[in-house]
Amino acid sequence: MCGVFGIFNNKNAAQLTYYALYALQHRGQESAGIVANDNGNLNSHKGLGLVADVFTEEKIETLKGTSAIGHVRYSTTGINSLQNVQPIFFNYRRGNLAIAHNGNLVNAHQLRSHLERQGSIFQGTSDTEVAAHLIARSGYENTEEAVKESLSMLKGSYAMLFMSDTKLIAVRDPNGIRPLSLGKLNGSYVVSSETCAFDTIGATYIRDVEPGEIIMITKDGITSDRITSFPKRATCVFEYIYFARPDSNIEGLNVHSARKELGKKLFQEAPVVADVVTGVPDSSISAAIGFAEEAGIPYELGLIKNRYIGRTFIQPSQELRERGVRLKLSAVRKVVEGKRVVMIDDSIVRGTTSGRIVNMLREAGATEVHVRISSPPVTHSCYYGIDTSAREELIAANKTIEEIREHIGADSLAFLSTDEMINTFGERTDLCGEDKNCSGYCEGCFTGSYPTEIIEQSKFSLER
Amino acid sequence: MCGVFGIFNNKNAAQLTYYALYALQHRGQESAGIVANDNGNLNSHKGLGLVADVFTEEKIETLKGTSAIGHVRYSTTGINSLQNVQPIFFNYRRGNLAIAHNGNLVNAHQLRSHLERQGSIFQGTSDTEVAAHLIARSGYENTEEAVKESLSMLKGSYAMLFMSDTKLIAVRDPNGIRPLSLGKLNGSYVVSSETCAFDTIGATYIRDVEPGEIIMITKDGITSDRITSFPKRATCVFEYIYFARPDSNIEGLNVHSARKELGKKLFQEAPVVADVVTGVPDSSISAAIGFAEEAGIPYELGLIKNRYIGRTFIQPSQELRERGVRLKLSAVRKVVEGKRVVMIDDSIVRGTTSGRIVNMLREAGATEVHVRISSPPVTHSCYYGIDTSAREELIAANKTIEEIREHIGADSLAFLSTDEMINTFGERTDLCGEDKNCSGYCEGCFTGSYPTEIIEQSKFSLER
Amino acid sequence: MCGVFGIFNNKNAAQLTYYALYALQHRGQESAGIVANDNGNLNSHKGLGLVADVFTEEKIETLKGTSAIGHVRYSTTGINSLQNVQPIFFNYRRGNLAIAHNGNLVNAHQLRSHLERQGSIFQGTSDTEVAAHLIARSGYENTEEAVKESLSMLKGSYAMLFMSDTKLIAVRDPNGIRPLSLGKLNGSYVVSSETCAFDTIGATYIRDVEPGEIIMITKDGITSDRITSFPKRATCVFEYIYFARPDSNIEGLNVHSARKELGKKLFQEAPVVADVVTGVPDSSISAAIGFAEEAGIPYELGLIKNRYIGRTFIQPSQELRERGVRLKLSAVRKVVEGKRVVMIDDSIVRGTTSGRIVNMLREAGATEVHVRISSPPVTHSCYYGIDTSAREELIAANKTIEEIREHIGADSLAFLSTDEMINTFGERTDLCGEDKNCSGYCEGCFTGSYPTEIIEQSKFSLER
Amino acid sequence: MCGVFGIFNNKNAAQLTYYALYALQHRGQESAGIVANDNGNLNSHKGLGLVADVFTEEKIETLKGTSAIGHVRYSTTGINSLQNVQPIFFNYRRGNLAIAHNGNLVNAHQLRSHLERQGSIFQGTSDTEVAAHLIARSGYENTEEAVKESLSMLKGSYAMLFMSDTKLIAVRDPNGIRPLSLGKLNGSYVVSSETCAFDTIGATYIRDVEPGEIIMITKDGITSDRITSFPKRATCVFEYIYFARPDSNIEGLNVHSARKELGKKLFQEAPVVADVVTGVPDSSISAAIGFAEEAGIPYELGLIKNRYIGRTFIQPSQELRERGVRLKLSAVRKVVEGKRVVMIDDSIVRGTTSGRIVNMLREAGATEVHVRISSPPVTHSCYYGIDTSAREELIAANKTIEEIREHIGADSLAFLSTDEMINTFGERTDLCGEDKNCSGYCEGCFTGSYPTEIIEQSKFSLER
């Protein structure tokens, strides 16, 4: 996962992008970068780490320009990962071009092989480089046409920003898997992965970029076009469940409200008698509040997250961990001791963390621990950018719910059903055409049914 | 405010202190330090900034020793502030001594003048140095007796740790204003400002250090003594209201539970008809949950705090701030739009922040904003270490509640009464003796009635 | 100017490259980089600054591999200069390739335009990227053939190293303008811009790479080929005069000895009666020693260079400079006071520095200052990598020797003649063929007669 | 060894001190510090490392004030060495005081024990702290009288600067072992360990501070006093031989000129037939030039020092060192091959380095290596701040000259005689009184005869 932000026609372009990246930081903490365009001169700064680690006041001041794009990137490994930090940018026959990409291309591997045979050279392993070469090799004189031609070759998920010497181009894949919103700040246009960045910089939300839409922003204003005749909405449900910030709205639906409603539905589907409800911070808090409200059981801070554990934190040795040194999360004994506890989490991926938290609550004196998950069991891998692990590691792909319950040591365990989840979000069938099974969401990780062709080897083989 | 931690007889002394300081980080983000004792050799590392900024794995490894004390310190200003970073340590005729101090001495100024006249030299402006010189000049051969003699001259609040070549000494002032707890970790004793540090490192809570108690920990075990014949409990109520971590217990009372109960009492005292309840993160969340529960009004995340804004954050210019760039806190439009909102905060000091949040909620569409404060109006300065500003800056010292309401732009405003606050915590009169007005708490900032003599100039004049 | 180093088949490849770069540091202080090849995996670290700034022990340890190439680069400007740090490396259809380049391509601009029209994208402005694209687009399957084909398109000066997954390739342009030597270290082959790097790492010098020679080093040993049928030696004389380290040998001639001999010839051509001889440190010391020896005048340290002034040095303000704050160089009053001083310098480019030093010597009490330059007047620009400024800035292109003398304030001024300079180095006509005017050296900066075609705009227009 | 600098009444006080410390950097590379006095407010910055590492432009800008003192310190070890970085400064009954000290107190240990018994506390192990406590405890109201009283208790070598809220005080021990000079810069007075700092900042030398003199600089001008009635000059000869910068003058004698003269005398005393003379850079260059001139043998750069090896340099492993990796110094094969070489060094302490260089010259092809040392054999320890090792490590304390020659592998070896050394510098008997053996120099390390009482244990026992 990643977050992207762009701004056009603003004298504080880089600084506002910097603030926006703070608001999008939860979408990626591995690296951060900003490229600003000063009348055709690109000024850039990128680095590994948090926005706060990468940028200083001095650095921001060097990023002169009236348009800018920024990027935050999710954790991947690899010694040479600095090569992969976005936005990428380069000089080519049409001038400069910078690209910021949130998503995952499922046919990057094939396209790259094809390009290499034609003499292209690659700096890193990011699939975004593939798009860069396609654009450079396009016969069209016009950047916008070259971008459209190139996108027609890409498969997978992408919310992408392109900044040329004179334009800012925003595009969303034909399924609109990753979110992208358009806003306005006085005379400037802004685009962002999430609307929370608009609130942060005082911009006004206009609308979401549509699936398969390409928006061109120039000094003459804004124009819109389609990159496909057959868009088909398939919004990622995990953005609502886990990934996005509670104060963001995706396709008009507020994330906190959606999560709280998931919690309410979860109680309706899987009620339990208990003394307290607690949520795993931070992403499950909203669902836990909803569950507690619906159940009439007190909502408590039974689990506390340490806010200061960052990247430079020195991990305890195995020995200390076994002796009970617990840094990131701790159970509040006085709250759970002697109580029947409902522990709400947003999802179970591999089951390791859930088991650890159940155990922590029991050691703090909980007499019963009932686990309720505000989404369905994750049974399939994601190919569109959410790091849900390989299928063999997904506990729900290999065990029954009863087996999972036993594995994590809970007194009871229940998941929300896919139907109730979709009901909560509300079906969006406007672009479904004739497809009766189309809900308007990508539920691939729960059902194995994906909105695009999947080319299996592509996901892992690119990291060589 | 500050946090202190000590450990005796543990081969991972420095590393466990490092983890404990992470748990106490909320008590002070200005500086951090650890001194370890390796059979009479002190190894130390201190620095400005967060624990994560100050310590690296390499640094921790140099801190060899089987006992250690650590300190985190709250923000003060001054170019030379590195001089004031704790623990302080020095070499003198009894060997080495390291000191970590949470609290504020009200007669430090007089004692310092006296010591200077006798030829003492001072590195910084911290009042802890005064204690160091008193101990060095004491005629007693024994460290423990020298400490006791010196403490008898100190007035004010202190939870202090002393580490000599062979001992760890923990002491709390005769009123027990600042908290200090004793715990055990296998064969090691631990002392900490808050019990949350015990949970973090897997230690077991034994009991709070008593007001006026001095505890000596040596290889032969633990002994206890009194530094006064007339201790009189006056626990700081602000530790419960605002300062301590929700999962800590002070004098046996859990902070989250106490805050939630304050929220319930607050609704009982000052009910309101509204659509949603929201709390100002993080310290007011518990009270907001309690208020909502008691009121039967939905509790919502109406305000979101950005978790990534740290010390290195580049502040927006005045111009950008006026244009609505808001980084630390944002209101969730979809949650508050068209709603009557109850905004719970733990206290109002100068009124500036409250006014800004009320305004933010209105701009996000709240039709009514009712402010409820889960503590009484702060009308007097604190002389014991809480940074509540000079009296002339305290809004409640100068305005009526109605005037404050108008100032912050709320539709209604109410504070919790002092009586209900004390009722919530529960009177602790075991050390009150004959005093009928004694509740067992220091309520000086609400009432102007302080547990010790106050020497007015001392607070500010030391910073020269 | 730059320095390159490569090593093949050594388990300490990166570490030895690191030491070699220390020995070549005088050739470039702007940036440093090492790429190591670990069985087809490239590990790289590069950065702006000195070798000592860029590399740490931890970084060197990550550079696993049994072959490596390194690069130090001379000062250029530009915010995005990190993009230009060498070695450059990339992934393409033949696997990985890393390139380190010392020299300057005079037709880079045309080649780049051509490549851009074909869809190539560029990361920076370095002409080395042009070579990378040519190799990637070559139809040959074999790296070595692709390199040869590409080099046939390049014009200018280059001593270049290419490291593929299985080979190390070293090549020198058909004129051999920049130096490149081959050596051996036990079972490993090494190549270096200067032989001083061999002494540093304990390697044995084998021979210089020949003009127009390409050397392939694989696990099966070493093979040599020609990239041109008509090589024509034109060794840069400035390497001897100013640039190379005194302990290096270029084409078998030791640099210190050559410089000392220049000094002797200089006295023969332009004798002077004086009390002391002093050289401008460091590059003119050898010539000054030779001059003094030939003249029988005492050689003295009349000018001292501060060894600690580095990149992070805070420059004095204009006001302080005018008040006489002089950091880098100072005249020794006791040595020059009341004396007739001969000041030896290796060259005069713009005349500013010389004037400043003459003035400094006078202020320190010198009664006469006679300037002797151990090379001819620089009247033309260099297009092969020496930063001799644009022609309009060259003082000798615009003024007579008498005018220069007046400009710098010397009592007398003389330059060495081109003939005596070449005599000192010794003519090398082995590759001259029929050309009667061929001396075996490039004297372009003194005569305006260059060994290759010059495409005027190329030098500056690439830095856009 | 250390270097000190002070300036009074200059608006650029800190910046000029910073430049002066660059000029004194050769006297200490372990740490650097500046304290500036802004009308009674001290602003300070200190750190481990070179001046260039410790100071940034931002830091210098915070050092506001019109007087300042600075210090560079020579290498000592110890984890807590930051505690010992100078200038030290503190607050006491007379206000603020900062101290910078070059030298070594031989009775620091006794004084410290005495002070500890009276209740003094110590931050580090530096003997300068002892002086601080003595001043604080002095009964005199006046800083200057308190300083004088304290100095009367100190034994050993000291060139010391004291900066109070209103004064700058400079003092030199009764023997004047360490150098200290007074200068003027427009309306400001400056004091410096060496005169090279005056040249750097454009100041004019006035005179050396006299042995046993105390100089007080205030806004009313300069006054001078004596701290002893019986000063007796004993200038350290090692300052001339090895330590000071060639462009400095000590007691009116230029260091380069003195060294060159030592080289001439050395040839007269110990002539040799050879082909080339080379000096060990940097401190032996002047003597080598003198030797070559007197002998009529060519002076050559036979040994080259790498200028870029700094503190952050990664040392080669034992294995690489054995394989011939040589970074700091290298022999120039073309210069020494087949030649009879005279290698000039300034001194032999333990003999290890000399042996290594002789070996290096032989490996580079020298047929004979004749070692000539421009000072007498070091047979005794220094107690005044020069790090000449304990006596058992001094090779000349334990071996005859012939044994040393064999040990270092030279063909011949000779030292300069003590008599010729003193003749070269010139006797300075103005303060000798009746003492017939008094030359005006401290020759303790050559003769074992010291100008002050020596208290053996003091040198090492303080570092506990």
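Order as written gives the chain letters A, B, C and D; numbering starts at 1 within each chain.
We adopt the following convention: contacts are C-beta pairs under 8 Å (C-beta built on N, C-alpha and C of every residue); 3 or more make two chains touch, one makes a residue touch a chain.
Chains and their UniProt names: A, B, C, D = Amidophosphoribosyltransferase.
All of these numbers come straight from a predicted model, not from anything done at the bench.
When each chain is reduced to the average of its Cα atoms, C sits farthest from subunit B. Separation between the centroids of subunit C and subunit D, computed from CA atoms only, is 37 Å. Spacing of subunit A relative to subunit D, judged by their CA centroids, is 62 angstrom. Spacing of subunit A relative to subunit C, judged by their CA centroids, is 50 angstrom. Multi-chain contact residues of subunit D (touching two or more other chains) are absent. Going by the touch rule set out above, the chain pairs that meet are A-B, A-C, B-D, C-D.
Here subunit C touches subunit D in the complex through residues 12, 15-16, 18-19, 22-23, 25-26, 50-53, 55-57, 60, 185-186, 196, 199-202, 245-247, 249, 254, 256-257, 260, 282, 285-286, 289, 293, 298-301, 304, 306-310, 312-314, 316, 320, 323-327, 330-335, going by the rule given at the top.
Residues of subunit B that touch subunit D in their complex: 42-44, 62, 79-80, 90-93, 116-117, 119-123, 125, 132-133, 136-138.
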